Every structure is written in structure tokens, then in C-alpha cells.
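In what follows, chain A forms one complex with chain B and a second complex with chain C.
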Partner chain A sequence: MNMVTFVSRRLVAMVPVLLGVTILTFLLSHVIPGDPARLLVGQKASDEVVKRMREELGLNDPLHIQYWNYLKQLLRGDLGTSIRNRRPVVQDLAERFPASFELTFVSLFICVIIAIPLGILTAVRRNHVVDHVTRVLALLGVSTPVFWWGLLLLLIFYFRLGWLPGPGRIDLAVPPPAGRTGLYILDSLLSRDWRALGSSLRHLVLPAFCLSYVYLAIMTRMIRSSMLDVLNLDYIRTARANGLPERAIIFRHALRNALVPTVTIVGLSFGELIGGAILTETIFAWPGLGSYMVDSVLFLDFPAIMGCTILVCLIYMTANLVVDIAYGFLDPRIRWG
Partner chain B sequence: MRIARSVLVLLVVALLVPLQSGRAAETTLVILIPSDVANLDPAFCMDNVEWRQTYVAYDRLVQYDGKSTKVKPMLAESWDISPDGKVYTFRLRRDVKFWDGTPLDANAVKFSFDRVQKMGKGPSEAFTALSEVKVIDAYTVQMVLRHPFAPFLSCLATNGGGIVNPKVMRQAKNGDLAHEYLSTHLMGSGPYKLKEWVRDQHIILEANPNYWGGKPKVSTVVMKIVPEPGVQRMMLLRGEAHIAEGLLIEQIQKLRGEKGIVVVEEPSQYCCYVYINTQRKPLDNPKVRQALAHAVDYQGIIKSVLQGCGTQMRGPIPTGMWGHSESVFQYQRDVAKAKQLLAEAGVEDLRLKILYSDRVPTWAQEVMILQANFRDIGVKLEPEMYAYATMRDKIDRGDFDLCMGVWMPDYADPYMFMTYWFDSTNFGLAGNRAFYSNPKVDALIRKAAVSTSQPERERLYLDAQKIIMQDCPYIFLYQKNYLLAMRSNVKGFVYNPMLTNIYNLLDMWIE
Partner chain C sequence: MGEKLLLQVEDLHTYFYTLQGVIKAIDGVNLCVREGEILGLVGESGCGKSVTALSILGLVPSPPGRVEGGRILFEGEDLLAKTPAEMRSIRGSRIAMIFQEPMSSLNPVFRIGDQMIEVIKLHKKVSTGSARIQALEMLHEVRMPDPEAVLAKYPFQLSGGMLQRVMIAIALSCEPSLLLADEPTTALDVTVQAQILNLMKDLIRKRNAAVLLITHALGVVAQTCDAVSVMYAGTVVESGSVESIFRSPAHPYTRGLMECIPDPSRKSDKLKIIPGTVPDPVNPPPGCRFHPRCYKATATCSQIRPDPVRVGPGHVVCCHYPEEG
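Presenting the complex of A and B:
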């Protein structure tokens, strides 16, 4: 099977998955006891006012009618209007997604460029000092809560030393770069707005490092163990016996195979971080999807909950697809299909 | 490869280039707020955090006088009230214009109140007594009430009483009375306009230099959204913000005496209490309820949870509100008496559940203290924590034994406590969350609600409070002090207990 057929099949297969996710989320969010109409009109509102609000929000219809109406709307590309702020959910998501995407992308980028060399180094220099130090650092990364790291980083680099800015995506005095993507780094590069670029990069350093640390630890350990597995295989021994230089053995022959599990982790982490970086977003006042999702759930803002779930589901599926395609490139024995 | 290298170099250079200071000019006031707001329509929004923005953008007929809960003229220069208390005639100032230059006249007043009532959302609750708004002439407006309603003037000072520019109707869509537009825009005549609102990042207000009440001294107000209290504290201490709204009590206490920081502490009307479901056995027995009220260590809660920044409530009407009386009975911790009351009620091995959520951060601590207090009188208390929306649903259905609650009045009148909390027609979330019914209390508070004589109302409320304290449908825990940490160069801030989270920006300046 060629790649185009493979990708097309996978795209078709996404439809029932998405449908299933919408049904489950719709049911789950609606069976939770609670009335968004009540939350909306304030605690002192009379029953009559609440009733009118429920009517307006269409909450009085039977559940299957509500779902059917939602589905029809969804097929037109309309995710509905947020109950909480009365704005189109698409607009809310479009404003928050770039912030989350930028943070996630940079965090994982930092992760990968540090984890790969460190993983190789610790595998090659097994049980040496560098391996022990990395093990301790990895342990710290996995076992320390991200909010603690976040506050500590801010305390040192922002509050005490003043080297890096405080929370937010960009300085208040700097207007956000003009551009359509909402990705500040890309937009400021495209519009050659160096001030915005500097400010947004400086604002990105701490949250991106904070977020990447946990995954950095996991990835380093993972690359180390798969490298060790691969380095003990027969074909590596054969390569060594044939007199291939060590550098070529490691980078050309061992690393490619050792990367397969790492690619899986990167793909899954991407989906997880896009909507799940709530703690980092809170500490660094980062206007991303995580805090929007949590607020929506707390408010029982059904259209927003649905919108977020669909978006995160799409991202997961896309990340998985990309990972599967990458397998084919990394390991020729793996065939698409 | 060469391109990649160039981009990398560019990024590093951009990172290292020292920026101009992020601190804005000193005529900019930076307020740190813990979360974004949802809606700005004065006929819709019900939360003080939303009023923070809208209250300074719209003018009202009357306004609170400084720290006092009494009202004084604002748009209305003067007014008359008919002898039967049903007709209010207001004479408007003639020099007021909306931001776009449209004169603010009687038609605009009628439009705004009609709009609030037609929309029928939360803010309309304050105007249920209002039957009709009549335009007498361009600058005279008459409000006719269905029945005398003494708190009416105070209701006009609420956020829902803001006068909106009638030209907003050009933005109306599908008969929404321009609700969608006003949800994200401000269209008033007040001292501040909305300059920019970047969701989840900041809201910027800019001064209206032509304001009829004088040009504001602070030209720009930035509300920056910073959810984490620890980060707010750092920003305040570094001088990157003037006011931090989201600090915890412990953090504020530690900031006292810090150079360049002042802490404002004022008595507020924020009340914390426990609803007792009076319809459930054995809580339908007043003796059991009294026993619970006697078991609570009120001073212990205030000392540990509030670090002393509060006072025990004496009756349902808090201090600072007229109608409060020192002669009302106040429950004190008395374990022996509580045990005796339980014995008299014939109740043994009582197990109760208490409902709360993480919406109010102090509830979890308070529930733990109550658990220990009730254990002393042989009552086992089981905490039940739910998401806020679910908690509210359970309250509305009366599906609880005990439940934590907080309340703040919308306008300065004991009606906000007495009618809402005790009238038997207000069961559930509407206010009477103890599902308490006493015909004598009903009669007293209903009479007080329509009386126009304050001394008579005070007497009626006092009588009602005496009965209520014996019936004990709620455990009145405390009235929390309002605490706000700010830079010491911020001057002119006055806290009004009716306007928590709302700043008197027109009178404030930065030194």
C-alpha cells in the first residue's frame, strides 16, 4: 500500500472515532447534575428567569434532540456558542489554540534536541558519571510537580535575578505581532517585528523549559534503554566486526531503530500537552486551551466542552497518524497499511 | 542548513536584545486579576468581577457616597418620591454626553431600564418592583413602582442601573437588544472606555478626557490576568503591578510592613454561613439546629482560617448594614449546652453530611474545623465535595443536610438578607437555602419590604431576627474583612462594602 492510500484510509477511519467521542462527551457532560442556566443568571435570580434562560439555551429539549441539533450544527462547521461568554466556540478555540500550540511545539523541540544526545551519551557511557547525573536529573523531573518547578523558575529568573520576564505571552508595552497565525514567534518573524519576537521568545523560555523538563526526563531514559537494546543486537556486533567507525554505528545504524519508541512518546505527548498543560498555563498566565477547558467543565459550558474535546481528539488522531507515517521512514521493515 | 543557522542566530539575538522596560508609564494603573471576565453587558452580568469593568464605564442615576451605603446624586441632580412611595421623579443633569457625543437624556434612561427588564436576566431581579419608566420631558424621568419598595434607590446604584447609549440598537441582531455587541463592548458615558480586551491576557480601559465629572487622573487602567497568587505577589513586590487582587490571606498578612506596599483592610458584607436543611429529620427540630450552632468554635475559625481578618456574625444582617442590631442573640461555643440540647431533642449518634466545593478556597478548612467541633458533641460530620455546578444543583433541590455558603448583597438594604434568606417563597438557590418556613417571619419581612418608613422597617427586621435566631435555620459563621494589597504610591482608593472588586478609578491617582 502506498502512503496516500494509507493516509486516506486513516482519515476515513477518524470519522467514526470522532462521532463516538462526540456522543460520549455529550452524554457525560449532560448527565452531570448542574444547570448552566442557573450559573449564568446569578445565584439570586428567580425560577422564572432561570426557566427563560434554559429555554434560550435549548436545554429543555430531550437529550437526543439536543444531540441531533448539535450534530447538524457541527456538520456545518459550527461548534456553537459558549454558554459562559456567549461567543462562538470556534472563535474562543482559535484564540487559544495558537498559544497552546506554540508552547507545546517549543517545549517538545527543546525536549527532543536535548534528549536525543543525552540518551545516546548515557547509553554509550553506561554507568559512568554522566549516566548517574542524568539519572538523578531525570528522577527529579519525573517526580517533582510541574507547578513547583514553574514557581521556582519564576522566583529565580524573574523575581530574584530579573533576567527573564514574568507571566504572560508578551510584554504589555509590546503590541502583539501582526499576522494571521496567532503564533507570536512565526508572526513576528514573518512581519519582521523584532521587538515582538524578542519579547515573545523571552516570555516563552520559562514555561517551555518548565513543561519540557518532565518529558525530557522520560525521553532521555527511553532513548537510553532502547539504544542499549539496539547496541546489543547482532547486526551492531556485525557492523563493529566489519570495522565500521563507532560514530557511524551509533548514528546511522543504532539511533534510527532506537528512535521508534521515542517518536511514539513525542506524538502522544503532543496531544497530551496541547490541552493538558493547565498547571503551566496557570502559573505563567499562558492563555492556552488547558485553562479554557477546565473553566468550561466547571461551568458546564456544554458547547465549549464539546469543542475542546473534538479539537483535542483531532490533534491526538493527527499526531498518531504522523507517528505512524514516521515509523515507515525510520524502520523500513514497517509497512504502511 | 544555512537558512536554519541564520534563523537560529536571529532567535538568539532577539532573545538577548534588551527590551525597553515592560513597565508602562506612571499614569497607567496595573491591576492583577485572577481570571478573565465572561460578559460586559450591564443587563446581563451579575458578578462583581465583571462589574469591575462596567461600573466605571456607565453612569447611574444615583451613586454610593464614598464609603457609605447611602446614595447621592449622579446623573439625577435631584428627585422626589410620591407620598405613597410608588412614584419616583428624577431630574437629570443636562451636561452629560455619551462617548460618541450623544446627549444622555430621559429617553436614554427609559431605554436602559426597559432593556434590562425586556432581557429579564439576573440584573432585572433588582427592578421587579418597577412597573414603568415615563419620559416627562427631555431631562425629567419618572419611575412608577407596582408597590412601595424602600430599597429602590439603592437598586438604582447597582450595575444593572447603568445608562446605555440607545444608539447601541444599531448593533442589535435577531431581536437580541444588542446583547451580543454589549457582551464584548462598552457603550456608556462613564469615566473609562474599553480600549482593548485580549482574552485570558488583559483588559485595558482608557480614560474619557471629556467626562462630565472631571478628567480622570489615571489615563490607562490595565487589568492583567495572572491566575497564580504566588506570581501575583512577585509582580506586586517587583513594582510591575500596582494592585494584586488574587492574593491569599496568608500572603497578604506577610506583605504587611513590606516596603512600598500597603494593605487595605475594611469590614465587608461578605458573609459565610452554613445552611441547615430544616426539612430533613432530625434537622427539622430547632433544638438540634441550636445544638449545632452551639458546637461551632467561631473564634477558632476566624483566627485560623481568616488569620483574624473577620468578625463573627450577630444575626443575619451584617455590621455596616442598617438593621443590624447588637441586641440580637449570638451563638457561642458551648459544648455542654449543645449536648444538653441534643439530649432534649432525643437525638443520639447523629451522622450528617456537609456539602461544599472548591469554589471558595477556605471552605475545605472550615469543614475540617466543623467536623472536629461536631465530634465534640457526638455528631459525626461527613464532608461531601462536589463541583460547584453540581453543588448548586443539589442546593436547589434541597439534597443536603448541611451546606457551606457565602453571600454578598447587591444593594444596600437588609432586604437582601431578610427576604432572600427567610421568605418561604424563596426556597432553594433563590435565597432561602435552609428551606425555612415560619409564617410569623414571613409576615414581618413582607411588611418590612413594602414599608417606606426606615424606623418601622428596622423594628420589623429586629423582631424577625429574634425569632430567626431561636429557630436557627443557618449557622452564621463570620463576616470577612476586605483585604487588598497595593503599592503605596496608589492614592485615593476608597472601599465601599457594596462595591467589592470595583475601584473608584475617577478619584484614584498614582503618586
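Presenting the complex of A and C:
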């Protein structure tokens, strides 16, 4: 089976999952107590107005007709209008998504470039000083709540030392870079706006570190243990018996096999972080999906909640697809199996 | 077969330091392999056969293992005195090894060709193209059907017998003068075992290389080897030519092993066994290690470790009361 068949199979398998997600989000909006029509027109509106709104929204139709209409609307890329700010939900998401994406991407990037070498090092130098220090740091990362780190980092580096900027994606005095993607780093690079680049990078440091620490700890330990597993396998002994240098054994023969579990974690973390970095986004006033979702829930903003849910599901599934493809590249048994 | 010594292991000790105590996996092993000779190393599981091979290659997992004493002379050079880099250049080129489990002995994520070419390039310092041609020739020599296609395959796409052929091809690709074969046919189907053994024998004879063939099957030894060393609990108890050992085994343990081979012509009801079990490697019995299981044992056996005694031309046994004839 070649790569194209492999990927298209995975793509086809996404369709039923997406359908399931739409059914769930649709039911969710009908199970939660509260009348969307009433919410839309406001508490003070007369019953007459609410009735008209219900008619307009199609809430009196049978459930399956309503679902069908919802699906049609969804396929046109219309996620409805936010009750909170009366703007199309799609527009809100388009503004929020790049902020979350940028933060998540940078955090995971930091994770991967530190965790892989550190994981290898601690596996090869097992029970040496580096391993013990890493173990303590990892334990600290896993067991300390994110908000505590966030507040501590802000307190030290922003309030006390003043080395790094505080909340937000970019200094208020700096205009956001011009560009379409909404990813400040990419946009400022493309438009050669070095001032915006510097400011947005500095703003990223603290939240990205905060977000990456937990995952860094998990990933390092995971790479360490899968490296240790692989280094004990027969084919590593064969490689040694064939006289291969230790460098080739670790980086070529062992690492590739040890990366499969790591890729899984990176993929899942991406899905988890992009809509789930609620605490970090709140503490650093990061205008991302997580904080948007919390605000929507507090306002019972159903269209926004549903839009977020579907978007996060899509991201999760895409991340999993990428993970699957990466598996195929790393391990031929998965590609051909 | 030349008379020149290729490999000489003298009084080798390899210990494993575990929480349960020091495991003396190898406790005074002596071995000789002549040029072009196939030496069978026989013994029960856990008697130290594999550790002997790993010690020769310098691949004893450390920690917990360590070679604690003795000499390993290979082509006149002491391997225990070599630096890690020097050992690496010997492994795979002058001494090669094949293992018991062909299915797990090749890296699952690389093509057969890549794994063969990597080793050939490493030791012969040739270009990828010429390494590829040599890999094809080797696959052809191990009688692999359609070698060209096999180069592009992954290990999981081949059968155990095919993979063992690949392992042999890799091991012999750099013209080693010694091949360590650790139970190379144990994991294979009976029908394939003989094929692989014959193939190995042919290729070895053609190259005038020597083999240390580790096995627990005396049948394999009789069929394949020129000489035998019998191991028991970390020591070699008897060694000699295949003929003299099979005709007149002098150690009670060797004799016991021979009697354990079922003989279809003697239809006795029960299979023969050697009474007792292999001794605890942390607290081996004093004196002769075999004495608790030996029907001839006396007080001497439980106190004094027997020295090697010559009982025939090239036939040496470590026993106070060697069997006659």
C-alpha cells in the first residue's frame, strides 16, 4: 500500500467521526436547559417576540429536520451568530484560532527540541547526574499546576525584573503585523516588520514556557523509557555485533523506533492544547480559543460553544491524521499492514 | 582445516553483579578454535554458552556484567586489551555473529538492503553502489530467491528462514575469519534447520573461516562440527574431536547428555534424564560443579575442582574419574 492510499483511507475514516461530532453537538444544544430564542432576544422581550424568533430559528420543526438544516448550514461554513456579541461565530473563531495555534505550535516546538535530546541523554546516561536532575525537574513539571507557574513567572520576570512583557500577544504600542494568517510571527516575518516580530516573540516566551513545561516533562520521560526499551532489543545487539558506532546505533537504529510513542503524545497534546490552554490563556490574557470558550460557556452562548467544539474536534482529527501519516513514515509495518 | 590456532580463550571469567549476588556466569572457560574449524559449544540453557560468545565480542551488557579475568587471544591479539574503538572495527569484519531469533535480530524499520549496505560500507569503506552489488552477491550466495527484490523488503516481509539467510549474508559479507553462531537454527522450523546448517557449513568451508557454533542439540553437533566443547555451569568440562567425544564420552555429564538422545531402536518406556537440576549460579557447589548430580561422585569430587586430564589425542576432560572407552 502506498502513501496516497494510506492517507486517503485515513481521510475517509474521518467522515463518520465528523458526522458523529455534529450529532453530539447538535443534541448538546438541545439537551442543555435554556431557550436559544429567549437568549437571543433577551429576558425583557415579550412572549410574542420569542415565539416569532422560535419560528425564525426553526425550533418548532421536528428534531431530524432541525438537524438536517443545521448540517446544511454547517456545510456552508456558517456556525451561526454569537449571542454574546452578535457577530458571526466563524469570524470570532478566525480571530482566536491563530493566537491559539501560534502559542500551541511554539510550545510544542520547544517541547520537542528539548525533550528528544534530553530523553536520549537520560536514557544513555541512565542513573547518572543528568538523569536524576531531569527526573526531579520532570516530577516538578507534572505535579505543579499550570496557573501557579504562570503567576510565578509573571511575578518574577514581569513585575520584579521587568525582563519580559506581561499579558497579551503584542505590546499595545506596537501595531500588529499586517498579514492574512493572523499568526504574528509568520505575518511579521513575511512583512519584515521586525518591531512586531520582537514584541510578539517576547510576549510568547512566558506563556509558551508555562504551557510546554508539563508536556516537556512527560515527553522527556517517555522518550527515555522507549529508548531504554529499544536499546535492549535484539536488533540493537545485532547492530553492535556488526561493529556499528554507538552514534549510529542511538540516532539511527534506536531513535526511529523510539519515536513512535512520542509522535502519539505530540499529536494528542496538540489537540489538547489548542482548545484546552484555558488557564494559561486566562493568566496571560492570551486572546485564544480556550479563553473564548470559557467566556462562551459563562454566557451560555450556544452557537459559539458549538462552533468551538466542532473546530477543536476538527483540529484533533487533523492532528491524529498527521500522527498516522508520521507513523507510516517511521514504521513500515504500519504503512503496509 | 589448519592446525593454527585462531581463537584461544584461557581461563575466562565473566560475572554479573545483581542484587541477588554475584552470578558467575562464566567461571574459568578454556576454548580453542583452529583455523577453518567448526567448534560446537554444547550445554544446557544457562550454562554460559551465549555469555562466552558475547564476552569474545566484548558485548556483555555492562552493567551488570563484566569480564573479570582470563585472556581471549584472537589471531594472536588479546581482545580483552583492546579499546572500544578497536573492538568495533573487529566486530562485523573479523569476527561476526548471528543470533537465535532472526525475526527480531534485524531492525524492523529499515529495508534489508539498507541494513546490509550499512555494514559493508562501514567495514570495507566502499561506495553505496559497490556495497549494493556486494550485498546482492551475498544474497545470491546464501541462495536467496530473487535477491534484487529482497533488498527492497522490510524484515517483517520475510520468513524466519529467509531472515536467517540474510543474517548469514550480513555476517559473512565482510569476510570474517571467525563466525559466532548462537543457536542459529533453534527458532526455525525443523525442515529449514538442516538447510540453514548446510548452507552455513558450505559457505564457511568455501571461505576457510572458523565457526563457534553454540547449540544445545547434540544432533546438530554430530552433523555439522569438527570438534566439541561441552559446558556445564560456567565451565568447559570436556572437549575433543566430534568422533572421539561421540565414540567415548569421558565426562559423566557428556555421557548423560548422549543418553538423553532418544533412540528409536530401543523402545524403552521412559526418556532418559540426568537427575537433579542445574546448580544455582550465585552459590555453585564446591569442588566439581557436577558432583551433586553425578552417579560416580565421591568425597574428593565435592572438595577439589578437577583439573583437565588428557584421555586421548586432543581429547581433554575435567573429571576425577573419567569414563573409560
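Basically, the second predicted complex is superposed on the first by the 302 of 337 C-alpha atoms of A that agree within 3 Å, B and C clash if a C-alpha of one lies under 4 Å from a C-alpha of the other, contacts with A are read in each partner's own complex, and residues count from 1 in each chain.
Just so we're on the same page, contacts are C-beta pairs under 8 Å (C-beta built on N, C-alpha and C of every residue); 3 or more make two chains touch, one makes a residue touch a chain.
In this text, all values refer to a predicted model and were calculated from it rather than measured experimentally.
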Once the shared chain is lined up, is A:L233 touching chain B (first), chain C (second), both, or neither of them? second
In the superposed arrangement, does A:R10 touch chain B (first), chain C (second), both or neither? neither
Specify the partner with more touching residues on chain A, choosing between chain B and chain C. B
In the overlay, answer first, second, both or neither for which of chain B and chain C A:H253 touches. second
Does the superposition put A:A241 against chain B (first), chain C (second), both, or neither? second
Partner chain in contact with A:P332 - chain B first, chain C second, else both or neither: second
Show me the residue ranges of chain B that touch chain A in the complex, using the header's touch definition. 7, 10-11, 14-15, 17, 19-24, 30, 35, 38-39, 46-47, 120-122, 124-125, 128, 179-180, 183-184, 198-202, 222, 224-228, 230-231, 234-235, 237-238, 240, 387-390, 392-394, 396, 410, 420, 428-431
Chain C-facing residues of chain A, complex: 233-235, 237-245, 248, 253, 256-257, 330-333, 336
Given the complex, residues on chain A that touch chain B span 32-36, 38-49, 52-53, 84-87, 92, 95-96, 151, 154-155, 158-159, 162, 165-169, 171-174, 176, 189, 194-195, 197-199, 201-202, 205, 282-285, 287, 291-292, 295, 297-300
For a test of understanding, state which residues of chain C touch chain A in their complex under the given definition. 57, 59, 88-93, 96-97, 99, 101, 104-110, 118-119, 122-123, 154, 156-157, 167, 170
